[in-house]
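Each chain carries a letter (A, B, C and D) given by its place in the written order, and its residues are counted from 1.
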Amino acid sequence: MEDIILNHLDYPVLTWTVFLPVIGAVLLLFLRNAGVIRWFSLLITLATFVISLPILAHFDKSTYKMQFAERHEWITSWGINYFVGIDGISVLFIFLTTILSILCVLVSWKAVDTKVKEFHIAILTMEAGMLGVFVSLDFFLFYIFWETMLIPMFLLIGVWGGPQRVYAAIKFFLYTLVGSVLMLVGIVVLYFYGGRTLNILELSALQYPFQLQCWLFLAFFAAFAVKVPMFPVHTWLPDAHTEAPTAGSVILAGVLIKMGAYGFLRFSIPMFPDATKFFIMPLFVLSIIAIIYGALVCFAQKDFKRLIAYSSVSHMGFVTLGIFALNTQGVEGGILQMLNHGIITGALFLMIGIIYERTHTRMIADYGGFAHIVPWYSGIFIVVALASIGLPGTNGFIGEFLIIFGAFKAGKILGFLAATGIILGAVYMLRLYQMVFFEKLNPNYETGRHPVWDLTLRETVILTPLIVSIFWIGIYPETFLSYIHSSAEHLINNMSLNTGMAFYK
Amino acid sequence: MVPLSWYIMLSAVVFSIGVIGFLTRRNLIIVFISVELMLNAANISLVAFSHYLQSIKGQIMVFFIITVAAAEAAIGLAILIAFYRNNPTIKVDEINLLKG
Amino acid sequence: MLPELFFAYFAVTITGLSILVITRKNPVHSVLWMLVLFIHIAALYVFLNAEFLAAVQIIVYAGAILVLFLFVIMLLNLRKEEIEQKFQKQWPLGMLAGTLFILFFVIILNKFAVFPAPGEYSIQAIQGEGNIMVIGKVLYTEYLLPFEIASLVLLVAIIGAVVLAKKKISE
Amino acid sequence: MLEYTLIPLLPLIAFVINIIFGRNYIKDKAHWVSVPAVIGSFVLAVAAFMDVQSGKVININLYRWIVSGDFNVPIGFLIDPLTAVMLIVVTSISSLIFIYSIGYMHGDKGYYRFFAYLSLFVFSMLTLVMSNNFLLLYFGWEAVGLCSYFLIGFWFDKKSAANAGKKAFIVNRFGDFGFGLGVILVFLTFGSLEYTKVFSDAGSVIGKTISIFGYEVNTITLICLLLFCGAVGKSAQLPLHVWLPDAMEGPTPVSALIHAATMVTAGVFMVARCNPLFSLSHTAMTTVAVVGGVTSIFAASIGLVQNDIKRIIAYSTVSQLGYMFLALGVGAYSAGIFHLYTHAYFKALLFLGSGSVIHALHDEMNIQKMGGLKKYMPVTYWTFIAASLSIAGIPGLAGFFSKDEILWRAYAGGDAGRWLWLLATIAAFMTAFYSFRLIFLTFHGKFRGTHEQEHHLHESPSVMTIPLIFLAIGAVASGWVGIPPLLMEHGDRIGEFLAPVLGPPKGEGSHAEEWMVMGLSVFVGLAGIFTAYIMYLKKTELPYKIGEKFQAVYKLLYNKYWIDELYDKTIVRPVLSVSEKIILGFFDAKIIEGVVNGVPNLIGAFSQRLRKIQTGMLSHYAVAMALGVLVIIGAVIFLK
């Protein structure tokens, strides 16, 4: 069999991690009282996190092979089998998903009081879908999970969202669906060309003719570019974010966006190396535009969440630039930055949610001088804001620096343009911080008629893991980078092997 | 001996006349009658086949066609009556409630 | 020579009658011509030694369905306003379709003269046992299910007709 | 090993304690946490200085910070003579300023926050100074920028303060943009970021060139220019100097510590640290020198006409920094560092002096509204005089020795150096003039402020005056460390001390020329003081007459050459409008949304038309069916 290491733990860890939330969701159906539902859902998300912990402990960092793999027959007639496994690229995102899901359940303790049961079922299925995408090694399974993610997200935005939620939900759904349908076509072509098998590892081992590679690359690109979101197809993100409830935004920004970049790493680069090399220049241009365009648009934003949404367009521009720089620093930086972005933007949206619970407005103009009344909140916000603009000592810097380094190695002009992103980032983030926290206290909060209280215990508990990880990755990134080294190395080696792009190394 | 193809030819002619009636007449009753005509044309050809191919199946098929024809006629006319009660016309081109 | 003569007569009368049926202005006339047509068809069946069918044709078609048509026509007392314009506005299209049908049938007959192998019931056997016996035997063995379904269809038709045509007393 | 890592660690611990427990527990006793920490670092710094003086160079790596493929960077400290000098400067001045701000910030509701940010600043500055590789330097670099953002915007309810903080950070970010690229280029060319490796094989890279946007550029020059770009941003040199004068919005101790003594000198330190690279590229050296020279005279000229006490000193800082870069540019690294050393003391003293003046006058900044404070605030007055004499370059005081050294090195550094020497001498004249204009307007003459302010006038409390005195001693005595060999045998002990790191001073010239330069600089200093004395004490109407005559020049200088407005119009305004109108308004809304919403409308319209086909006429359907059947039969017949 190809290079996979079967799961040697005493229980099928990946299957449990993916399907525990599903079981939880089913059990939720029988509960009635909202409080019990919330605690039960919290218990399930915690359990999923605990169950997935042994992965970290037993993860073998020296090999790029798929680990904790499980393989069972499923639909034998079409050669589809239940095949799951993780490697350096996907292992970190398992934990990002589980942690963010716990935080989402916590943050929507008071925020969501209508249809609580359906909300938590959506969150749990969402978690299962995301985990499934990261672990599945069979295209059929992958596509199922890829699609199952959409429905709960659609519901989250559509039902518990803001005023224009239906439009945003439909737009989000259609955008992603159109992309993934093209991907489905790609999968089918791969299925027939690869000899009636949907096993991702076998398919990535094959060599495809250049012409076919290009078409398949474009098909997969359509699905992943929408998810990332890359430049021209990004307009669904701001709408989806402004209308989504806090928990929805956190999951959307924290994990959903990573699917696209993960897809590039898992499918596009290993399977279609020549096509990637052929399309490398437009991809660079799109990433650079995303960085600068996303940042510039942030200057003119009036809505808090929209600004953060556009900032994640800019951040994800960095990630794609890093991934397509195709050297070890760029790829490792890209993967780490995906994790960082999950943490930072997750934290930002959590905080927006927290303040929204108090002020019920997302317009920046309604804020002002909040440092006077909520000092702890503004303290934590400045930490996260600085992490978002990549201040050294925070996790943002490590990711961004490695990416700019990789981009510079790939092309001087790329590194140069990418570096401007740092300045633009600083400008819009500090403008935002000043408008919300500094200057005079906004008149309508002075009279106390509109109480704004500082962080409660629950909210501090939500934010502490994120703040700790911001500094942990900033000061000692090796704990996380060590997971990525071997897989990134393998990715680059077989890329340069197939296309002779040795100079990129 | 009369060859089989003549019978088929006859039933084809009758069938076409039925079609013409079905497509051209305004009066709904006549349209129903043309339908009956078409069915009978089919019966003729079936019986002819049954005769020439020495198998009884054709006749059994005719038997079933007749039952269906009867049912169809009954229902068709019932609808016509129900429709007629609402607006007193049975001219085909005035009945366009289904207009999209 | 006789059978050809018979067939020629039948062919001409049946075609003529069917043309008459669809061209009469007054529906009652077309129904009556339809009656004559059914009788001729029954005769043709007898000629093709399907006596049972001829009887059924007369009883069901002529007796039941045409009577039903007459009832409906009388019920709707259409005669007076039906006099004017009897063809629809795009009748040429219908005529064209009809003629094309005939044309195609002619072509088909010349092109595909393939007929399935003869069954085992030779004409003598049918005459020997009697048409009804043979039909009965085959109907109640091989075609039992379709027979039951046919009865079901009729049941549905009856109920449907009653429900549809019933006067609305509720509102 | 531990005692060296403790130097930056102590302030960090103080910061953490203050920021977490400050609000509810420590409140206004925060100085008991921060001051001991910074004094602790000072003691350890002196110990480290002793070790370095005894010849030991400490270079320790704590752990691997970032490892990715062949790129791996440690967290490590290098303490060599240059770092030792900087350590002494930073820790000593920080300690004095910490003590000073106990009095100055007394009663401020953000008291604990102030001391927390100050400790964080000291931590970042120490990491910057002690780091042994470029990336940790970059870390300290940005962390220092962050602390200046916090401290400038300390009174964040004032819009101007918040804006100034933001402006400082963003302008610094421009500098860091170039600096970051420089760091990357260093790694690409040398394969490592650690100073020892980079500087040891600097020679091997001389010839190499690198293609940028198509044409070949010498790698070393490009690296140096990019690094210098960072220095320009941090040390507020010409193009990126706009943030320093606005940084005066912050509390005065902040201006003293950050915008006089330590942070702004980071650029000078970095260029001195990378002297092996800079000395290899002639173009880089001349750029540094020219930028330094031009900035010094540019800032000095603006300083002549400003009325805000702190802004005058701020422009004087920019001008003095120009001197330091001039020294570095002509290759006199040790002279630059020496001037940095002395300048730190007397500039901090000037700021703290003006702080106590402002404190006494309840936040009155405009010197036109002051006067005659001599008799009310003797200690501040005399310490102020000491500092101003020193900056004016009066012999015997610190400023004289360090500035004269620079002037001499500039003069001796070839003909380009001569032009810069001329510029610097004129700047020296201006420095003397505005320093003493400041003194005469604030301390001499009669009081021009409001009556209510007058009877509140009092000398600052001892907790503020003691640091002033210490700094005065420093301002005077610090010069005796670097007496040029001309006057005293091996008087230039600091030069010798720094020689192993910064190399021997370049440029030679006869003793006669050296005497000539020294004489000229003293003469220029005295002349400046004299003209200021005439204009502001004797014939006080003279400045207005000159003002009217050279109306245009006055307005030009007063409005700081309109550079702020220039930047505002050319960069800030257009970028905002681009993002507002073009990108968001047109591009995002019209094109992308247009396409996204356009497609469904299109489909909708098309389906409308399709609906018309369902006429509801039975006959149409019938005919359609018939034709369908015909088509099928026809297909079967003809295609078979």
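As a working rule, a residue touches a chain if its C-beta (ideal position, glycine included) is under 8 Å from a C-beta of that chain, and two chains touch if they have at least 3 such contacts.
Remember, it's a predicted structure, so these values are computed and weren't measured experimentally.
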{"item": "Chain pair with the higher count of C-beta pairs in contact (B-D, A-D)", "value": "A-D"}
{"item": "Cα-centroid distance, chain A relative to chain D, in whole angstrom", "value": "37"}
{"item": "Approximate Å spacing (C-alpha centroids) for the pair chain A, chain C", "value": "71"}
{"item": "Euclidean distance of C-alpha centroids - chain B vs chain D, Å", "value": "99"}
{"item": "Chain centre separation in whole Å, for chain D relative to chain C (CA means)", "value": "105"}
{"item": "Residue list for chain D, restricted to those that touch at least two other chains", "value": "619, 623, 626"}
{"item": "Numbers and ranges of chain B residues touching at least 2 other chains", "value": "19, 22-23, 92-93"}
{"item": "Chain C residues counted as touching two or more neighbouring chains", "value": "88, 93-94, 97, 101"}
{"item": "Full enumeration of touching chain pairs", "value": "A-D, B-C, B-D, C-D"}
{"item": "Complex contacts: residues of chain D adjacent to chain C", "value": "619, 623, 626-627, 630, 633-634, 637, 640"}
{"item": "Interfacial residue positions of chain B with respect to chain D in the complex", "value": "19, 22-23, 92-93, 95-100"}
{"item": "Complex contact set, residues of chain C against chain D", "value": "88, 90, 93-94, 97, 100-101, 104, 107-108, 111"}
{"item": "Chain C residues touching chain B - in the complex, by the definition given at the top", "value": "3-4, 6-7, 10-11, 14-15, 18-19, 21-22, 24, 27, 30-31, 34, 37-38, 41, 44-45, 48-50, 52-53, 56-57, 60-61, 64-65, 68-69, 72-73, 75-76, 78, 82, 85-89, 91, 93-95, 97-99, 101-102, 105-106, 109, 113, 115-123, 125-126, 131, 134-135, 138-139, 143, 146, 150, 153-154, 156-158, 160-165, 167-168"}
{"item": "Complex contacts: residues of chain A adjacent to chain D", "value": "171, 175, 232, 234-236, 293, 296-301, 327-329, 332-333, 369, 371-372, 375-376, 379, 386, 391-393, 397-398, 401-402, 404-405, 408-409, 412-413, 415-416, 419-420, 422-423, 426-427, 430-431, 434, 437-441, 475-478, 481, 485, 488-489"}
